[in-house]
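Listed below are the structures to be examined.
Here come two complexes built around chain A, the first alongside chain B, the second alongside chain C.
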Partner chain A sequence: MSTRLARGGRLIDRARPVEYRFNGRRLTGFAGDTLASALLGSGQMLMGRSFKYHRPRGPVASGAEEPNALVNLGEGGRFEPNQRATTTELFEGLTATSQNHWPSLDYDVGAVNTALSRFLPAGFYYKTFMSPRPFWKHLYEPFIRKSAGLGKAPTQPDADRYEHFHHFCDVLVVGGGVAGLLAAREAGRAGARVLLMEQTAHWGGRAPVDGDRIDGQAAEDWVRHIVTELEAMENVQLRLRCMGAGVYDHGYALGYERLTDHLPGADGPRHRLWRIRAGRIVTATGAIERPLSFAGNDIPGVMLASAARDYAVNWGVSVGDRVLVVTNNDDAYRTALVLKEAGLDVPAVVDARPEGGGELARRAEAAGIRVLKGKAVAKAKGGKHVTGAVISSQAGEGAMLEEIACDAIAMSGGWSPVVHLWSHCGGKLSWDEAGAMFRPDPDLPPTGADGAGFVIAAGAANGHLMLGETLRDAAEAGARAVSELGATPASPGALPAAEAPEEAPLFPVWMMPQGAGHELRSKAWLDYQNDVKVSDVRLAAQEGYESVEHAKRYTTLGMATDQGKLSNINGLATLAQRLGTEIPKVGTTTFRPPYTPISFGAIAGEARGETFQPIRRTPIQDWHEARGAHFEPVGQWRRPYCYPQGGETHGQAVAREIDATRGSLGLLDASTLGKILVSGPDAPRFMDMLYTNMMSTLKPGKCRYGLMCSENGFLMDDGVVARIDEQTFLCHTTSGGADSVHAHMEEWLQTEWWDWKVHTANVTEQYAQIAVVGPNSRKVLEKLGGIDVSAESFRFMDWKEGVLGGVRTRLFRISFSGELSYELAVPASEGRAVWDALLGAGEEFGATPYGTEALHVMRAEKGFIMIGDETDGTVIPQDLGLDWAISKKKTDYIGKRAQMRSHMADPERWKLVGLETVDGSVLPDGAYAVAEGRNANGQRKVQGRVTSTYHSPTLGRGIAMGLVLHGPDRMGEVLDFPKVDGEVVQAKIVDQIFFDKDGEKQNV
Partner chain B sequence: MLILTCPCCGVTAEETEFHGGGEAHLTRHGPDSDDDQFHDYLFMRENPRGVHFERWRHVYGCGKWFHAARDTVTLEVFGTYPAQTTEPPQHIREAISARRPGWSWRGLS
Partner chain C sequence: MSEPVSALGGLRYEGFVRVEELPPRGMVTLRGDLGSEGLRRAVRDLTGLDVPDAGGVSQGAEHAVAWMSPDELLLLMPHAAAPEAVTQLQAALAGEHAMAVEVSDARAMFRLTGSGVREVVAKLAPVDMSRAAFRPGMIRRTRVAQVAAALWMPEEDCVELVCFRSVAAYVFGLLKVSAAKGGEVGAGY
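Moving on, here comes the complex of A and B:
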């Protein structure tokens, strides 16, 4: 059983006990513990259950690579699933629960999956659940839903705050082990701006645990000194608890800093996302130990040798009283020695190498530890806890030589450099046969804007696992980074001297024992979190999934939240062996950022709630808000949809607004309407290219409705154009389209007709615009006084500039409702005053503000199209019966050639018509009209669809517009529109102008 | 995320300050073109592995369109130049040749 040792623990403060809860139990650890070390210290080895088979699991690792010990952390607005116990710093009051079990961690019903495991092989989702179909609903889906998913999703809004930092530096060093510290010092001494980040809460990485010496000091002391030196450099910034999350194009990198995870309730943001531009990035990210693939290697108590050592040295925790060590390299002997020194029993070191190890092995033997050479663990024994190991020869098939009783197994399959950051942006890897590892290929780094490599791997991350080599490589990396940026490296001082024992070569072991049969292979785990075993990868290869990317997806190897940090190399080697090829031929899967999961909060940063995006406000917005308008988003505007009064429903409010407008006087805040000035000697010519109509013939003082198409012919925007003078046009666009229409104009001017003398200006926000609509609109303008608005002098589609009610105004007589109607454009600063003046002057006419819904209904009653309703990016003006607005005289306009293509000229294209339900109801939006017969997929054929549909209070019935096959030729025909529930609504094809066909209301 | 330099205002900025506009140096075909010409103009684009000419707009800056000569594999940027041209200018072509000897595009090198 794991327990707290009486002595030791370089990171904990035994004087400061910390209380926390796990699955409701009150437990105690020490300041400096991780949740994992505290739990182990409390005797809690079982921390979770696996994803597929619900196998009991304890921690395998001690850091970021941990696949098993995932917990639900916190409560309420601070609840977070899938948090690694190994990287969670303990704090007073921490609350955690284990995941993926029911009803309890110790007794789990789903563990029955283990018994069924031979029926759940690789690709079982694809194979087993194919048929019969009815089984899906009652058997497969409930089963999958019950057993799928890790952790629970939070249900409450995140209670914390997050932020982004933008940072620029010469050299970013990722990793605060001895290599990163040394590289940072080299760069810092040369005067470079350096940012050094370390993902854990401590500097020094593994060196202080490994017990080696640097410059005659314990590694821990050397680390303390170099950190002090770095802290004194003004050009060097150091960050703990800050992970290098990803490396991207041209020296861009993301850092993920966890500021208050260990200090809940502290002021300030919880996480900070560093968005970094660096000249050079030094990745000193170390290496990760690999598990060994033997049967039962997932039983709680089996863990990495480095982790067992970390728990003892860093936190004073023993992972078991009798720890068997199994290895293929020398490093694991360090663990044996540490445990022995801590007074624990190490029954043996099982070394797969026939010749055994080097200096460290001799020290172990001298310490009285039994060393078995050329041997293997054929099988770990135990259920919820290791009870022993069956020893066999590594060369054989697993015949038992002896059985060794133990309560933990520390394993080491060698080390893999952490090449993730090197690889994120395209750095290539090469296979190192001797070290049995992929390492960065220095000739193929990720390249920057200048074509030069911008990432430099250093130390263990570069494949230099021995301390002396690590230090030499790191110093070189730091110097290279600054010299490549054009600075002079500081005069090279003496390289720190490493004192570490010579190590004997590693012997690659991908299956233990080498000749293990199916029985053992199907108990040997590769990916702990996703429950992928050696037998699964072999089966995938046998079934033809030979590409590593296919095998990965078929088996889900490396696809869990740990992204295969422990399993990838072992999986690749297994695949290569089964395919009878070499590991580098199989290749690796793609390394993608982030290195470990980062919080959604950090990604969002400040962009949430009110600051999620900027909101554009019209000069009259305050009034709308005070009036209690119901708003709808239109682009980044919020426009009043309607203004409900005293308990009205939205529908009732809309009906009242329409009645008041058609009956007397309505007011609309139209300030959001796009307003773009097009000016210059070539403006008329340019306008003729932009619009389908002939705009160059428009007279100053006149308005014309125009259509704008994209080069592939589709209708993209519409609006009224007013000619200001010979060289100037004012183009009104849709509210949502102003910016894109302006960009469209600029694109053509800058990239196609750059010799034309035209300039454009988007003046949308310079003006407040108000529509004054209804039979009494002229009277209210006359009351304001100024511009002559008499019927004779100010005709439909005229515009005038002048003073109205004392305010400089552009007045347009245009109508989108069919009523007598004007639009006033005044300087934005006068908008609110003019709105108030209109309300005042209009009081006697019952002036009624109306919203966008009333606007939409009134335009539909008149059969006017709306961009985004009648158009969807596949509709051309000809589909909408707008041929009258397309010039036949012009030789060219944007979209003209495309509209001549055969598909565009096809008479079978659906055309716009009005639709009137037989029973007066409102057609569902987007409903399709069905035709006779079925298509190749067995679906009903269709012959039209609804584009706009409303209840018209004016007509007291549902009205709609739609695109229908040969629609204009089929007036009076009744079509069937099935609803989602299967009921059919019948509607008659009618003229799309439902109200005041002759336009008598606006021509007064 | 790339870094580009706008040749109009001279600002060197992050990709998020710009907006990509696809392949550069297309020739517009209007109403007097035949179906094949128009089809190629509208739909056919080069997709090279290597040297490529792209349109970009400095959308959160000076608002101007410009062109970039770039390697789509290594992300190396050979240079940027104003959009008011029908082919890459001489100094850009030389910059590419210096880095990619033997390179050519539409008969230019």
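Moving on, here comes the complex of A and C:
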């Protein structure tokens, strides 16, 4: 059983006990503990259940690579699933629950899966649940979803805040172990801007645990001194609890800083995402120990040798009273020595190497530890906890030589450099036969814009696992980074001297024992989190999944939240063995960021709540809100749809607004309309290219409606153009189109017609624009006074500049409703004042603000098209009967050539008409008119569709527009429009101008 | 004539830096050949300031001239002076291919004050805000989170930021959350 030792624990403060809860139990740990070390210290080895078989699981590691010890952490707005107990720092009041079990961690019904495991092999889902098809949706999927899955999803909004931070530096060093520290010092001494980040809360990495010495000091002391030195450098930034999450193109990297995970509720953001642009990135990310594949290697109590050592040295925790060590290399002897020194029993070190180890092995033997050479653990025994191990020859098939009682097994299959960050952006790996590991290939780094490599791996992450070579490599990496950036490395000081024992070579072990039969293989776990065993990978190979990427997906090896940090190398070695090929031939799967999962909050940063996205506001928005407007999104604007009063429905409000406007006076906030100024000697010919109609002939003081097409001929935007002077035009665009139309203009000017003398300026927001509409609109303007608006002096499609009611105003006499109508453009800073003045002056006429729906209905009554309703990116002006607005005289305009293509000129294209329902009802939006017969797919043929449809309060009936085959030639014909419920609505083809066809209302 | 109002009526927020919306400011966009003697003289006559180099901003007591692109300047002045400034520039540049247009009310302006202003900006804009890279006299046209912005430092520990008027509330929200106490980064800026 695991327990807290009486002594030791370099990271904990025994004077500061910390209370926490696990599955409702109140437990105590110490400040400096991780949740995993605290639980182990409290005797809690069982921390979760596995994903597929619900097998009992304890921690197998002590850091970021942990696959098993995942918990639901926190409560309410701070609840988060799948948190690794090994990287969760303990804090007062921490609350965690274990995952994947029902009804309890100790007694789990789903564990029956493990008894059925021979029926749940790799690819089981694919083979079993494919047919009959309907069963998937109604039976299999609900069942699988219930029984599988990791933690629960949070149910409450996140209580914390998050942020991004953009940072630029010369050298980013990822990893604060001895290699990272040394590389950062080399770069820092050369004067480079350095950012050094370490994912844990402590500097130094593994060196202080391993007990080696640097420059005659304990590694821990050396680390303290170099950190002090770095802290004194102004050009060096050090961040703890900050993980290098990903490396991207051109020296871009993400750092994931966890600021208050260990201090929940503290002031400030919980996570900060560093968005870094670095000249060079040094990855000093260390190495991860590999498990050994033997039967029962997932029983709680079996863990990595390095983890057992970490728990003892860092947190004063013993993982068991009798810890059997099994290894294929020298490093695990350090664990045996540490445990022995802590007063624990190490019954034996089982060394797979026939010749055994080097200096460390001799020290172990000298300490009285029994060493078994050329031997293997054939099988770990136990259920919820290890009780013993069956020892066999590594060379054989697993025949028992003896059984050793133990309550923990510390295993080491060698070390794999953490090559993730090197690989994220395309760095290649080479296979190191001696170390049985993939390491960065220095000739094939990820390259930047200049073709040079921008990532430099250093230390253990570069395959230099021994302390001496780690330090030499790291110093070189730091110096190389600055010299590649054109700086001069500081004069090389003496390399720190490492004192570490000589180590004997490792012996690759991919299956223990090497001749293990199917029964043992089917209990030897490769991927703990996804429950993938050696037998599963072999089965995948047997069934033809030879590519590592296919085998991964077939077996789910490495696809869990730990992304195979422990399992990948063992898995692909198993695959290679089964395929009879070499490991480098099989290759690795792709390393993708982030290195470990990062929070959604960190990714979102400030983008939540009121700053989730920009909402654009007009100068009159406050009034609309105060008036209780119902809003609709138009681009990033929120425009009033209508202003319901009392208990009005939206439909009633719209009808009232239309009646008031057509009857007397309506006001519309049209500030969102795009307004783009086009100016210069070549502006007239530029305008002729932009619009389908002739704009160069427009006289100053006059307005003209125009259409704008894309290069492919499709109608893109429309609006009224006012000519300001000989060389200046003001283009009104749709509300949603202002930015894209401005970009369209600039693109043509900058890429095609760069020699034309034209300037553009988007002045949309300079003005508040208000439409004053209805028979009494002239009167209200006359009341404000200052501009002559008499019918004779200010005609339809004129514009004037002046001072109206004391405010600088550009006044347009234009109409989108068919009424006598004006639009006022005034400085935005005075927009609200003008709106209030109009409401005041219009009071006697019952001035009624109206929203976008009334606008839409009134324009439809007049048969005016609306971009986005009548157009959808596939419609050309000719489809809409707008030929009158397409100049026949111009040699060219944007889209002209495209409109000459055979499909565009095809008389079979659907054309715009009005549609009048026979029964007066409102046609459903988007409904199709059906034709006789069926097409090649057996679908009913269609001959038209509805593009706009409304109830017209003016006419007291439903009106619609639509595109219909040969529509304008079929006036009076009745079409069938089936509804979704099967009913058919009949509608007659009519002219699309439903109201005041002769324009008598606006020409007054 | 009514009193001009800014987008947010001068909202303020006190975090680890102070954020305040500034009153309406006069602004004129001037596009043209920034190298032409006529344009440079017209700018000097109007503002008393020289046309800045690329990425720069010239600042005077009441005026400032900011480089916006290879053929565009932003002239800042008292709000009431902008209409007359446009007229004056148009007259002075009648013989040149140039455009002067008032944009005062199309914008909102914020001032950040305090020793952490560089960090607040760096949370929102992909700009190197370290002292070595960004100094008073420089301007960046960039983005803050999801919207366009331009910013400069009238002096150390002070940033002025201009954005479109319609997104003033959004930008104020961004600045507030980024300047909230406890969010100091300590990045050595």
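Going forward, the second predicted complex is superposed on the first by the 906 of 1004 C-alpha atoms of A that agree within 3 Å, B and C clash if a C-alpha of one lies under 4 Å from a C-alpha of the other, contacts with A are read in each partner's own complex, and residues count from 1 in each chain.
Heads up, the rule we're going with is that a residue touches a chain if its C-beta (ideal position, glycine included) is under 8 Å from a C-beta of that chain, and two chains touch if they have at least 3 such contacts.
These numbers were taken from a predicted model, which means no experiment stands behind them.
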- Message: Quick check on the superposed pair: does A:Thr751 touch chain B, chain C, both, or neither? Answer first, second, both or neither.
- Response: first
- Name the contact category of A:Asp13: first (chain B only), second (chain C only), both, or neither. neither
- Touch check for A:Glu519: first (chain B), second (chain C), both, or neither? neither
- Query: Which partner does A:Ser679 contact after superposing on A: first (chain B), second (chain C), both, neither?
  - Reply: second
- Message: Quick one: is A:Glu355 in contact with chain B, with chain C, with both, or with neither? Answer first, second, both or neither.
- Response: neither
- Query: Hey, is it chain B or chain C that touches more of chain A?
  - Reply: C
- Message: Just checking: does A:Tyr252 make contact with chain B only, chain C only, both, or neither of them? Give me first, second, both or neither.
- Response: first
- Message: Looking at A:Thr764, would you say it contacts chain B, chain C, both, or neither? Reply first, second, both or neither.
- Response: second
- Which chain A residues lie in the overlap of the chain B contact set and the chain C contact set? 277
- Within their complex, chain A touches chain C through residues 161, 163-168, 193, 234, 237, 266-269, 272, 275, 277, 605-607, 610-611, 613-619, 637, 677, 679-681, 757, 759, 761, 763-767, 806-808, 827-830, 832-834
- Note on the structure: Listed in rising order, the residues of chain C that touch chain A in the complex are 1-7, 24, 29, 31-32, 71, 79, 83, 97-99, 101-107, 119, 122-130, 132-133, 145-147, 164-170, 173-174, 177-178, 180-185, 187-188
- Query: Touching chain A in the complex: which residues of chain B?
  - Reply: 1-3, 14-15, 21, 28-33, 35, 38, 42, 55, 57, 59, 63-65, 71, 74-77, 83-84, 99
- Message: Touching residues of chain A toward chain B in the complex: what are they?
- Response: 248-252, 277, 426, 447-451, 711-712, 743, 746-747, 750-752, 754, 891-892, 896-898, 900-902
